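Below: a set of structures, written as structure tokens.
In the two complexes below, chain A is the common chain; its partner is chain B in one and chain C in the other.
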Partner chain A sequence: MLKYGLAYGLLSSQRRAREMLLPAITIATGAFLVVIVFAMSAGIKKQAAGLGHADEIGHAIVLIAVTVLLVGVVEAAVATTRTIAHRTRELGVLGATGVRSRPVLVALLVEPVVTAFFGALGGAVVAAVAGVVLSAVGAAKSGVSASGTTTGIVIAVAVSVVAAAVTSVVPIWRAVNRPPIKSLSAS
Partner chain B sequence: MTASEILSQPETSKQTEAASPDRRSALPTSSGGTFGRLMRFAIANIRRRPERFVLSVLGIALAIAAVTVVRTISTSFAITGGDSVTNAIGTHSIWVVPAQGVTYNSAAGALVSDGPPSGITLPGGWTGTEMIAGLWHSPRGQVAVYGVPGTPTGRAVLSPQLAQRLGVADGGTLQIAGHTVHVSVSGGSPALTVSPDLAKNAVGNVGWWVADEPAADHGRNDLGKLFGTTVGLPFTQNPAQTPDKDGKGLVYDTTTGSGALSFAQKYASAFSGQVTDSTLGLISIIGLVLGFVIAVSSFLASVQERRREFGIMSSIGLADEVLYFFLVESGVVFVAAWLIGVLGAGVAVWAVLPHLATPAAWAQASATVAAFLPAMAIVGAIVPVHRLLQQRPVALLTD
Partner chain C sequence: MTVTEPASESVAPPAGPVVKVTDAWKLHKLGDEIVRALVNVNLEVRTGEFVCLMGPSGSGKSTLLNIIGGLDRPTKGTVEITGRDTSKITESQFAALRHDTIGFIFQSYNLIPFLSAVENVELPLMFEPYDRKALRQRATDLLNLVGLSHRLDHQPAKMSGGEQQRTAIARSLISNPTLILADEPTANLDHRTGEVVVQTLRDLCSELGVTVVASTHDPAVAEQASRVVRMKDGQIQAE
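Entry: the complex of A and B
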């Protein structure tokens, strides 16, 4: 049943691609910052050293970049609450026809996870390209690290997908476990 | 009929209710003023979609936490910058720094010079002195050493904190550059004060000049110009300006001049600006923008879901007053987010930046961030209401 839930979720995500645009952009912004911070860590460390307390400020920069990424991901969860509100009757129909809650949960989780994955990947790719361009034109004096870029991409995508799933699961769980009669009678 | 009239209707209809006691139980009156009722309306809506409220608050709180952390660092820098310049130059009116400039050394906690004092001769009537100010690599870490004329040879004056760091006590001795000096613990300066000759031995010929105007020139607001023109050096009242590397130095006029801020305050501002203008500042501002996007997006979703409700309100003349509902709801969201955000930032600062930030800096930063909130809450409420008011009540009711 889970694979049907997954397929149903993917199909509905395709249908709702426009609604997923804003959360994808906010996640991409956060992912862009995370990748840039990791890619240009040498330059940022130099700037942090200029401020004194290089290590502490370096850690603070990474912490704040990841926090901003999480802010972007929360928008995906807010969009999920919007999706649930729009699809209340649909959930009622699924419940009334005997579909179990787990495949419905998977179907609804697909949207935030797909948004987070593609949003983070998009932002990360833009950041990697920006890093290459900045390096080529000599704007990044301390250079752009390939290993830092890779680490940044992995962190951005992993944090986005996990955080999107974690923050979206509670509202989805509440929605799929609501009695079908309530979902069907909702205005 | 206005919203306040509608909202205060239970009080105005008391006569009718008195005439028909049965209706009182059928239509219970609500207590509290207009604001109380608006709060109850907002809380009722929050309870309808608690998960969205929690997520909106979480997103905005994360953004506020990021900005608060950066502001805490920047405020700490401002406090440090103001104190360091006061410790370095005291109350002197003129500060002449070398072409190589001066740097704040975070390990030593004080300003030190990066080059030899400018080769100037004091103009007639002016009083002043050349001051050695450099970095001494002591066995217990880096220490700023100031060579101050008038300090007895063979004596070192240092603060209790520095004495503890160097492991010496009042009346004890300290080895500096092969010389044994007697320690005198007093004051709060983070620098070690010794005689100029000993300072030069310990840190080399690095330092600056400080000077004061003749009595006849007291109160003038062009002392920098007067001094700089006479000694042939450029002058400024702006501490953010740095000396030309190929020049001979720069004269800072530390008097207030025509501005309201003291030189130390302006220096502190320039110091904290290094943080807010850095990568940290940029990233945190982007975070705040994203937090605002979450707030607006959440309110827009709320408007979309409550179209019929607002259609009914619009049709009975409550069109403009819908703004009050959203203002109160927006206020609740932003205040909750601010509380969680600043507390989270306090924990983050304590865990990640224990040596950099102080509780005073955190409290000051939290207050600064709070100043952004009214504007964000108001704009966050106006955007969805504006969208709502662009539609006719019938359009809202028929969807």
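Entry: the complex of A and C
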């Protein structure tokens, strides 16, 4: 049954791509910042070490990265809440026709995960390109490291996808198990 | 009217009533006030009947339909569907019963906007392990049945209200249900389109043996029914 939920989720993600654009852009913004921070962190640490403040600067960079990731998590949760609100009547119809909860849960989880993946990947790629351009024109005095960029991309995409899935499960499960009459009467 | 083999197992027509509502009450709490949406309702509907629930807004028609379909539960009393007492089954068992036995038609159609007409018809069985080609063929046949063979790939936004409602009728038939519950199926349609929709429902009863219970304000719809049940203030006034 779950594979049919997955198939329905992929179909709806494909057809609802326009609705997914805004949440994807907000997630992309978070991913962009994460990758930029990681890409420049090695150079900044190096400069800070020269000034004798490596530890403080290192902690500050980690703090910035964590904050940016938390913003990404909140963005993923907000996007899911918005998606559920838009699809309440659809859930009511599925409930009224007696479709089981689990495949519907899977179907609705696909959209935030796909949004998070493509949003984060898009933001990360733009950040990587921006890093190369900034480095080439000499605008990044501390330098942009390839390994930091790669780490940033992996972390941004992984955290966005996991955060989207984790923050979506509970609200989607609640929505799926809401009495169909309530979902159908929602405006 | 001919359609391909049903995608789900066909349910044999019950010997007794398809619907039996006994002493049903529905009370809602609205602030400090108790609203009596249904008051001691008794109703039996037999196989192949087209029963119309008529009455003004707030008379309890939709509440009764929702209770019959298990979208809501009565505060008191029992509802039997094809002989099965639904007060003794869980929500998930009721969902399974709805899936196999009941088709819903809503006033506002409730089609999924990003799915085509044929996909909307397939929706109730999309999550089940049915052969996809057979399912597509059955959905296509049902759209032919309601006169929409030229609208298979159209999304709801590109269809008229009457076409959307006929798509919803086709969707309600995909599981080969014994019972169809239609809540104000013509309320959002012009008179002529409403007639087509009612005629389609009538044909389902006479030619496929499906039982239909519909709520309406419209006397023209009630004229087509095999039985009219008049409701007022949550009570059945007359049959």
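Rule of thumb we're sticking to: the second predicted complex is superposed on the first by the 169 of 187 C-alpha atoms of A that agree within 3 Å, B and C clash if a C-alpha of one lies under 4 Å from a C-alpha of the other, contacts with A are read in each partner's own complex, and residues count from 1 in each chain.
By definition in this document, a residue touches a chain if its C-beta (ideal position, glycine included) is under 8 Å from a C-beta of that chain, and two chains touch if they have at least 3 such contacts.
These numbers come from a predicted model, not from an experiment.
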item: Chain B versus chain C, judged by how many residues of chain A each one touches; value: B
item: Partner chain(s) touched by A:126 [first = chain B, second = chain C, both, neither]; value: neither
item: Touching partner for A:82 - first (chain B), second (chain C), both, neither; value: first
item: First, second, both or neither for A:96, with chain B first and chain C second; value: second
item: Chain B versus chain C as contact partner of A:10, first or second or both or neither; value: neither
item: Chain B versus chain C as contact partner of A:71, first or second or both or neither; value: first
item: Interfacial residue positions of chain B with respect to chain A in the complex; value: 49, 51-52, 55-56, 58-59, 62-63, 65-66, 69-70, 73, 77, 104-107, 274-275, 278-280, 283-284, 286-287, 290-291, 293-294, 297-298, 301, 304-305, 308, 348, 352-353, 355-356
item: Chain B partner contacts - residues on chain A that touch it in the complex; value: 22, 26, 29-30, 33, 37, 44, 47, 50-53, 56-57, 59-61, 63-65, 67-68, 70-72, 74-75, 77-79, 81-82, 85, 167, 170-171, 174, 187
item: Contacting residues of chain A [partner chain C, same complex]; value: 1, 4-5, 7-8, 11-12, 15-16, 89-90, 92-101, 103-104, 107, 179-181, 184
item: Residues of chain C touching chain A in the complex; value: 66, 69, 71-72, 91-92, 95-100, 102-104, 106, 110, 112, 114-115, 119, 123-124, 126-129, 171, 175
